[in-house]
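One structure is given below, encoded as structure tokens.
Letters are used for the chains, namely A, B, C, D and E, taken in the order the chains are written, and counting of residues starts over at 1 for each.
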Amino acid sequence: MLQFTLRRILQIIPTVFVVALLIFVIFSVVPGSFAASLFADGRTAADPELMARLNRELGLDKPLLERFVIYIVDLAHLDLGTSFRTRQPVIELINSRIWASLELAMAAMAFAILVGVPLGFLAALRPGSILDTVTMIGAVSGLSIPQFWLGLLMMYVFALQLNWLPSFGYGDGSWRNIILPAVTLGVTPLALLARTTRAGVLDVMSADFVRTAHSKGMSEGQVVRWHVARNALVLIVTTVGLQFGSLIGQAVVIEKLFSWPGIGSLLVDSVAIRDIPVVQGAILVIVLWFLVINTAVDLIYAAIDPRIKQG
Amino acid sequence: MTEPLLDVRDLVLDVPHGRGSLPILNRVSFQIHPGEAYGLVGESGSGKSVTSLAIMGLLKKPLRVSGGRIGFQGRDLLTLPKREMRKLRGDRIAMIFQEPMTALNPLATVGRQIAEMFMLHQGKSRAEAAPLAVAALESVKVPNADRRARSYPHEMSGGLRQRVMIAMALACNPDLLIADEPTTALDVTVQAEVLRLIKDLCAERGTAVLFISHDLGVIASVCQRVGVMYAGCLVEENETAALFETPRHDYTRGLLGALPRLGSRAAQGRQRLIDIDSIIADRSRLTETRFITPRREETP
Amino acid sequence: EGERQGGTLNFTAPYGSSFATLDSQASPNTQEEFITQAIHRSLYSWDSLKNEPVLELATSADVSEEGTVYTYHLRENAVFHNDKPLTADDIIYSYLRIAAPQNAFPGASYIANIAGAAEYIAGDAEGISGLKKIDDHTLEITFVAPINPGFALMMNTTAIYPSNVDEASFVTAPVGLGAFKFEEHVPGSQVVVTKFDKYYEEGKPYLDRVNLILMGEDAARDVAFRNKEIDVSILGPTQYQAYQGEEGLKDNILEVAEVFTRNIGFNPAFEPFKDKRVRQALNHAINAPLIIERLVKNKAYPASGWLPVSSPAFDPDKPAYDFDPEKAKALLAEAGYADGFEFEVTASPNESWGVPIVEAILPMLQKVGVTVRPRPVESAALGDAITSNDFQAYIWSNQSGPDPLNALRCFYSKTLQSACNYASYASPEFDALYEQAQQERDPAKQIDLLRQANNIVQDDAPVWFFNYNKAVMAYQPWVHGLVPNATELALQPYDEIWIDETAPDSRN
Amino acid sequence: MRLRFNLALGAFLTTLVILAGLLAPWLAPFDPVLDADLMSSELPPDGTFWFGTDAQGRDVYSRILYGAQISLTVGIVSQVINSVIGVTLGMTAGYWGGWWDDLVSGLTNVMLAIPSLIFALAVMAVLGPGLPSLLIALGLTNWSWTCRIARSSTLSLKSQGYVQAAQTLGYSDLRIMFTQILPNMMGPILVMATLGMGSAVLSEAALSFLGLGIQPPFPSWGSMLTDAQRLLQLAPWVAVFPGLAIFLSVLGFNLLGDGLRDSLDPHMRTRKP
Amino acid sequence: MTAPLLEVDDLHVRFPVAGTGLTGRGKRLLHAVNGVSFSLAKGECLSIVGESGCGKSTAALSIMGLQEPTEGEIRFRGRPMTGPSAPTRMERAKAVQIVFQDPYASLNPRQTVWRSLADPLRLHGITAKSESADRIAALMRSVGLTPEQAGRFPHEFSGGQRQRIGIARALILEPEIVVLDEPVSALDVSIRAQIINLLLDLQDQFGLSYLMISHDLSVVEHMSDRVMVMYFGQLVETGSWQQIFASPAHPYTRRLIAAIPDPAHFGRISAEPFIDAPNMFAPPAASDLTEIAPGHFIRRTALEGAARA
């Protein structure tokens, strides 16, 4: 098990390396520059000398290959570089944002799990019932709604019309601020979870060993508790992991809309002003998060499912 | 003759189809006496499995029983309340399925899965049930039962898994064991071991067996009496030896002649195998043919 | 009038969802100026009411004969938040830091006016020769030309930092001379500043605390303002219109003509735009007032020329191009484009000076036979596209004040295209007038020359003159002391602001 | 029963979008770009302007009809690109195995690890806003799932008797892939593509919101919705209709995809009542 | 005996199996086929029997060219089918064809039967419509179907009919050898007889050589001329069908035969004692087969190993 764990963790490294390479290449050909973005709002006249000086100071005048080597060497020392804009280490910037993102992702995921899994379970236990139909229609609708449209609607209804919740921002970090963005963000994973849970439970319910369990004289409830739940969990854990892992990436839009100070809005803002080290750092961290979560899921998986450890 | 343990009478089964229904079983009747091994043979789709599921009360949705009765120890299983039926299942009537791979929960140790029988029917706690499960495994001659009880189904070979199924089925000393093609998925040599196990254990404990197979050879080596099913009907029933010697029904005759028999080439040279289709020209007529028993000798 | 001490102000920073840095000298963005405004002070400051720069950290300044040497007598009561009293050393330290070549700070171009600064910036000198400390509270600065140094040295990027603090800490824990001291930065959310008891202005500030809340999205700001979660909000056009029509909101709106001119710049390298008549025709063909009324919701003043209404050199008598499609067609025909032509406008997504405006002029120009296509670019790529002269036309918003001399520099033919002569304008008449104005020491005459120069630009129409921004701020009824700052309305003197007792409890 | 209803509703909505797109020039009462009269901007829905007008005075109804063309283009083209990339890589990887398989699988894992919206954002930043960039960006982002499915389908089809028979009959690898494997995995690929169309339309909206979508004057639903965001209070219809259009068309694609999957997978069919 | 059509010489097939080490290293080799040699004469039916997983199919796939042998040589009419001078797929196609176990997976569901039969013909240069039509019609009749039925799709046929089509496809290029991998074990009892009869008829008609894999010994006895018994990748006994069934010499062969439930001997289950399974990753060194009677060979080491266990 320890070997398995270590091996899965080691497997992350090449992926991260390729991702780093990929985003370096992409952002080395991106049009626009940090220096020019300083004057983009037209508030100050562009100063070509300043721009040239800035590019030199930021090392942007060096050849591409040299920059890449520096970047990779730094990366190997766990140094994500220095932000063009704030001239702070990127790692500090990310550290100041990642926790808000994690908070949001966890809240959204908690919402999705607490609502989605029970709904999917109940729907699967009574296929064809009204609850099932409504849940499944709701789920496919949840997957079809443009997220920021939903966010806007929620903002207007719950914040403006009903005045129940604050509409934006992190505030002082109270739970009231997180509700709207978390719910908006949680809709997609919720819908997916409800669907996979239902499908998973139905799948397990039609498995032969469930028939065996019935033939032993178990009641429906016992079958579900003793045999179905754990098997369905395997599927649910996968979906939860995939969703949780990619949630931070998906949160970009929601973070922007709700002015949530997470890594997603940092990323978008940094792309807009071409603060490339921050962009690269943020993407790497988001990817790393995805990989770590998925590795964790694999490990959980191995803990639940004895068949995994072998291979 | 003793009172039959299982008395299936005129069992009719169908599935709703449009306004009407499609027949699946057509007035199937047979009896099994305590301690007796009864074989059901027939081609694929003839209704062997649904018969066994009907007895267990495990028919799935579209299938329904629309006539007849299934008597078991004097009670009609078809009218038994669900709770009562649950108590019988596993305790008095147990079942072994074809695929030992999928019939076991992959995420639970086999010991746990056997122990459940004691927890369900004898009110044992988990701790009390565990050693009983090991004992059950020992009874089906699983080596190292103690260690095996802690392993998962995927860690076992097909033959071992089927032994686990047998241990599970026989855990509560049922009066009737239903085995639905328990060896089809196994290698010949393993099949022989499993068959012997079923045969010996049931004989030892006096458990009656309803043994389902499409392989006459397998049936012959386990059962005293055989029923031949065809298209939802029981077309012939007889003592095993008698059935082989003097098959009366065309279908039975076809079935016996369709397969080469070991040693026959050496004895008689290569003979052309019988093509059942050529014997039974009109398959649809067959469903209307009457049930043939040794007592009511009729030819269709 | 009953200024009241105490309370908390929730002020929005509306230009993005984060503060880039707390080091004001390092950032040219408006977003960071909110922090500067609260925490820092520069040598000069902008007087919104007089509409001119005034001395801030000095009580008086003596100017030499030729107008190039200034002797500043610094305030004796000014103290940094770390208790260090302000001395001439701090100013020299700050200007050196701003201009240091390895820093590449945006404020360097303002320091460049000081004698010897250019050499220092280029890395050829150890210090700036024009900066001389006379004593702790007397500083002599020599400028390269007789200019008004106030415009440059009032900028937030030329803020004065204490000379006894580790530089690295400016990014995270700024120390300044302002009325408020830094308390806390919640990244991506807000910066909190609190009252500085030793502030040099007697009795100020009134507020105990200001929360500078980040809120880039209009809609979010709107909702928050209506929920009374924030005390002031910068309004976009549609919100402006909505607020004007609502009881309880419409009375608390502050408007000012800001010193920005929105325009479509024409590249004379593109064949049709070589002809002045084509450029004029386009000015006639577009119904700017209608766009301003309907699309910009009157949150702008129609532009009659380059210099804005609030500029001292603005000429109220010079009429704007009238909307006259017939005349436009005639001009186009004269120029040989009777059948029209097609061109691309490089545009960012900005709602007030971006693609939506191009969309609105598209049918108007179609009517005179000219086909226009937006070429959308990201905001970050707009500057690059324009300064690299890679466009047929662009739509932008450019600063056109408050200093008219500096504003018109962008049409001086010796100014590089990439510097700010984006439309590559070159006119001998204009150049002559401009050079004269540069030398003129009498402010009134200088203004007059600039006014004439401005009118030449208008006649030549190197750009389509669209509008001057009207900045609009909504504030809650309990907020007092806001001023119409033409340089940037959102920048308010926090030390002047106070709130009355009708404010919600959370802020009282 | 429910299966058929869902499939029918999905087919209906999808047909509606296709018809709206194809017939836009005839159905739309106004030009989506040029009929912009600022004097009639932000009018609520009425007899002339069924869905009202937007800030530039354009007819929202006409723009939505034309917007269907763009959404369909985005959905179809991006999914065609996705499927071609995914199927080519997945099928060859599954069929040939070896280092090529390792390479493709590695690449797939990398792509899966980068959230698709962020990858699209990066590609859009490089290519600049606009329809062609968007098609490329979305076409390059979601092939990894298709690739995985194509690979695993190929692996299972490869061991099917008829594929092995084709090898023994002398078919070349390419011929086997095109005549034996590809036709037999079109089902799941089609399902992926249909579902992918929905997410492409959603991604278009999200990218527009982030300032990197298709830019005006093209009447894309995403950019309409983004523009309408600031009008939400003054002229809610400008936001409501494009939002609904996105929702209903994506719902259509999703229901159709689900329906196709269920009807292609008999296992699912028997399970659903 | 005539010159052998097919010769298999010391065939080895090993599969790398991923290890469980830290980086997935420590790969192990699974010896699926371990030194198998035999030859097949024209018109002969040679059967391979053995436990599930003992390498029967792998050996067959190597002969078909679907699995590269790790070692050893396969010759068709003396010409090597493996190694550098191996024939192309096209050339090989006319020598050996295969009939698969699962009739449901062995036909492309998206092609009509006609296309499944016509395409290979076209590929092999028979482009004339009339010629290929004639050949298909004749073949359809030979396997007991009508030419008209060729226009249908596989799902319109029953399992037995599909198996007939599978046989037709194997014969369409007129190969000399047909490999039968469990040709009847997936079929219902009632249909098996038809297919067995058909296979024997076709062998007569076309002078085919069969290499049959089966674990159903009664079918093997019925059809084969010679029988090879395989046990964990190795041949343990080969001989004529009479020798194998009348006087099995290897304990595994004996066990196999004894395990067959025989209707004639109802009530009797015989099971020889268990032999411990050899380790597939470290198989016993191959030793030569010993001839115990003319044409009857047996492997000694395995025998002794088994006897010891």
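Here is the rule we use: contacts are C-beta pairs under 8 Å (C-beta built on N, C-alpha and C of every residue); 3 or more make two chains touch, one makes a residue touch a chain.
This is a predicted model, so every value here is computed, not measured.
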{"item": "Steps needed, at fewest, to go from chain B to chain C via touching chains", "value": "2"}
{"item": "Most widely separated chain from chain C, with each centre as the mean of CA atoms", "value": "B"}
{"item": "Best-connected chain pair, where connection means C-beta pairs in contact", "value": "A-C"}
{"item": "Separation of chain C from chain D, taking each centre as the mean of its C-alpha atoms, in whole Å", "value": "44"}
{"item": "Rounded Å distance between chain B and chain E, as computed from the means of their C-alpha atoms", "value": "32"}
{"item": "Between chain E and chain D, distance of the C-alpha-averaged centres to the nearest whole Å", "value": "48"}
{"item": "Gap in Å, rounded to a whole number, between the CA centres of chain E and chain A", "value": "52"}
{"item": "Set of chain D residues in contact with two or more other chains", "value": "125, 128, 211, 229, 232"}
{"item": "Residues within chain C bordering two or more other chains", "value": "219, 377-379, 381"}
{"item": "Per-residue multi-chain contacts in chain A, two or more chains", "value": "31-32, 152, 156, 256-257, 271-272, 310"}
{"item": "Chain E contact footprint on chain B (complex, rising order)", "value": "43-44, 187-189, 191-193, 195-196, 199, 214-218, 220-222, 240-241, 244, 254-263, 265-266, 270, 272-277"}
{"item": "Interface residues, chain C side, partner chain D - complex", "value": "218-219, 222, 236-239, 241-242, 287, 290-291, 293-295, 349, 351, 355-356, 358-360, 362-363, 366, 374, 376-379, 381"}
{"item": "Contact set on chain C toward chain A in their complex", "value": "15-18, 20-21, 23, 26-30, 101-104, 106, 108-109, 121, 171-172, 186-190, 213-217, 219-221, 223-224, 226-227, 229, 260, 348, 353, 377-385, 387, 396-399, 409-410, 416, 418-420, 488"}
{"item": "Interface residues, chain A side, partner chain C - complex", "value": "31-33, 36-51, 53-54, 56-57, 85-88, 93, 96-97, 100, 152, 155-156, 159-160, 163, 166-171, 255-262, 265-266, 269, 271-274"}
{"item": "Residues of chain A that touch chain B when the two form their complex", "value": "207-209, 211-219, 222, 226-227, 230-231, 234, 304-307, 310"}
